[in-house]
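The following pair of complexes shares a single chain, chain A, combined with chain B in the former and chain C in the latter.
After this line comes the complex of A and B, so read on.
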């Protein structure tokens, strides 16, 4: 949960991240979601689970999800989460911060 | 604890312990005491050193919170509010907002977080506090109630709706249109400064809206409450430790029927139960704290579990403590009398026991088989 977790990272692999997030959601909900399935309207996720997702992404990808990025739309689908991770890693590589 | 409880701090805490009973009866903690605790960084101990905080990890912060809670649940409630305000700024705010607000919270200014409203308690989705934007200004209207520490606060993080979304805005209590009215006679944590907060056309810079708009209300609330629940859970550990200290001393020294009451089996059974309650609450808090420190997603549900279990244990344990102390502890202000009333409030705030149970049941239903397998595999 600390911002000081930046380390050397492999290039961002969207497909691998989608797979990892899908696996996490499946473990936690016993349902394997489609990458573009809305987790909230289909009942897989609620606000508690959304926060678990925040912590999961932060821990797994050494990013900090804070401020304006804590929008539900970023967590709505596996794909939107993977995109968020990609953007946050690119931003931290570029040395910018919210 | 050595970092968070330097010799200077030990003096502050001794003063808190010596005066907690009087503050409970007066329904007020002297402002200078809270400012001193705040300026020492003790009210929001997890804020990083770069913002003037102590930078404690979740476990050390929990130990500190339990220590405060063992002495005075009103002071501990103020800590919970200040810590939750800081956490919300840290989590939702931009870098600039963190730089503006966090140093204030470690230098003696006091803060609260306002969720609940007269018609929106457990059902926070029903809140009606509104934020409207007009250029660089945000206008806040609404009414919040039972806001812990609001009677002392310089800043209140107000959660409200902005159109279809939610937002958190930092409201200075001296802004025009803010009025604060203390809850007259709370059942517990009587000196924690619970108050009603009215916001009547309060105009503030839009820069006070943490992280901007577009947040979802349940998400925002869950995020902000996570810290508060952990803090309340450790506070309940403190309540139990305060009871255990008073009860063991009393049971050794009080004689009835020709021997210390500790030697009467019905009394000693209650002591065993109180000891077990303190150990159980400590264990469940430590387990959640480990999740926080390792950044495990399980921290979310572990925190709900810690809050629920600790509050329940504190209610049972403090009732036993009053029973053992009997007339010696049956006056307002006494540590076990306060514990008895304060613990009950802990089953209500920061997600009632019933709300916690709904969340625990939902989690169990979604994951139970998998969890059992995982735990067994470890």
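After this line comes the complex of A and C, so read on.
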């Protein structure tokens, strides 16, 4: 489970991001979610918390969640949030290569 | 199609939330305040609110948000199809703004006072055409909560009621019209309950979290009363309780010491980063 330490500019590390998001959700809700637990149907998250998740991801991973990505299904589970971060970072890296 | 212009006076939490709701539904808004810094923050909060509304599916799909214009000049309300007053919950402040607005707009323009509990008829004496005056009690955040309490004063005309309901429907809101009374329905029931919840915590019966968890899990309250207090703003809640107490004499409406203490310490809820709960910067 322990993500390897990376001294250079780290490539996207799914496990580490899952851990970080889990920690944030745990701090805010005082409950540790499973990575694939639906935070909304299990009552851990509500519409107010959803926006906090957006802001947390944007600030922590320097991504912008906009347009069609701004939908609840991307924030239902820790795993889906980590996947979104991975995709947005890859897209922005690809964009900056052009 | 030419969309009606909505003027909103007061760019605090409620004025900003209602502005966001309107522009999110494609209706242009002119938002007036006396403080430029407040207007700047409102514009930023509204942009963020639109994202929040989109995230939670609270906006009609495919509709381009209308323009939100901010201004320091109250004269800019003159051409509005409806004016919504959302200034601080103090009868004198509201009455003063309503009197000024009333002198600027055409008779027959609905004048909406957004209030959590000040009787509409107390403000009717200040406006030129009392039949145009009506109350709304939007919940916070206005762009997420689809139900609105609408308050018909004893002098409010049928036309005013119909125009406002039609506007609310256009913004995807459901309205329930009630009669004029201190606290109307929702605040008359909710505010003393929150006050009691604070007393329960002071008495050591249960923690803040446990009170909210019980109210959620056993009684179906969506967030719990103390989380709701943080969302309302504890200073606003105390003002509203005092207004209710002054008009009803109900001891349950006398603000509890814990609420007053929180206001003295500046722990006003979500907007100040701390209330019954702590909020990180990201949450405020």
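Simple rule for what comes next: the second predicted complex is superposed on the first by the 86 of 98 C-alpha atoms of A that agree within 3 Å, B and C clash if a C-alpha of one lies under 4 Å from a C-alpha of the other, contacts with A are read in each partner's own complex, and residues count from 1 in each chain.
Definition applied: a contact is a pair of C-beta atoms (placed from the backbone, for glycine too) under 8 Å apart; a residue touches a chain by one contact, two chains touch by 3 or more.
Not measured: the values here are computed from a predicted model.
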> Sharing chain A, do chain B and chain C clash or fit in the superposition?
Replying inline: clash
>> For A:70, using the defined touch cut-off, is the partner it touches chain B, chain C, both, or neither? Pick first, second, both or neither.
In response: both
> Who touches more of chain A, chain B or chain C?
Replying inline: B
> So, does A:29 touch the first partner chain B, the second partner chain C, both, or neither?
Replying inline: first
> Who does A:51 touch here: chain B (first), chain C (second), both, or neither?
Replying inline: both
> If both complexes are laid over each other on chain A, which piece of chain C (183-191, 255-263 or 273-281) hits chain B?
Replying inline: 273-281
> Both chain B and chain C contact which residues of chain A?
Replying inline: 28, 30, 46-48, 50-52, 54-56, 59, 66, 70-72, 75
> Tell me, which parts of chain A touch chain C in their complex?
Replying inline: 28, 30, 43, 46-48, 50-52, 54-56, 59, 66, 70-72, 75
> Where on chain C is chain A touching in the complex?
Replying inline: 48, 51-52, 54-58, 141, 144, 209, 216, 222-223, 231, 280, 282-283
> Quick one: in the complex, what on chain B touches chain A?
Replying inline: 90-95, 97, 210-212, 214-216, 218-223, 226, 292, 294-301, 304, 359, 362-363, 366-367, 369-370
> Can you list the residues on chain A that touch chain B in the complex?
Replying inline: 1, 24, 27-30, 46-56, 58-59, 66-68, 70-73, 75, 97-98
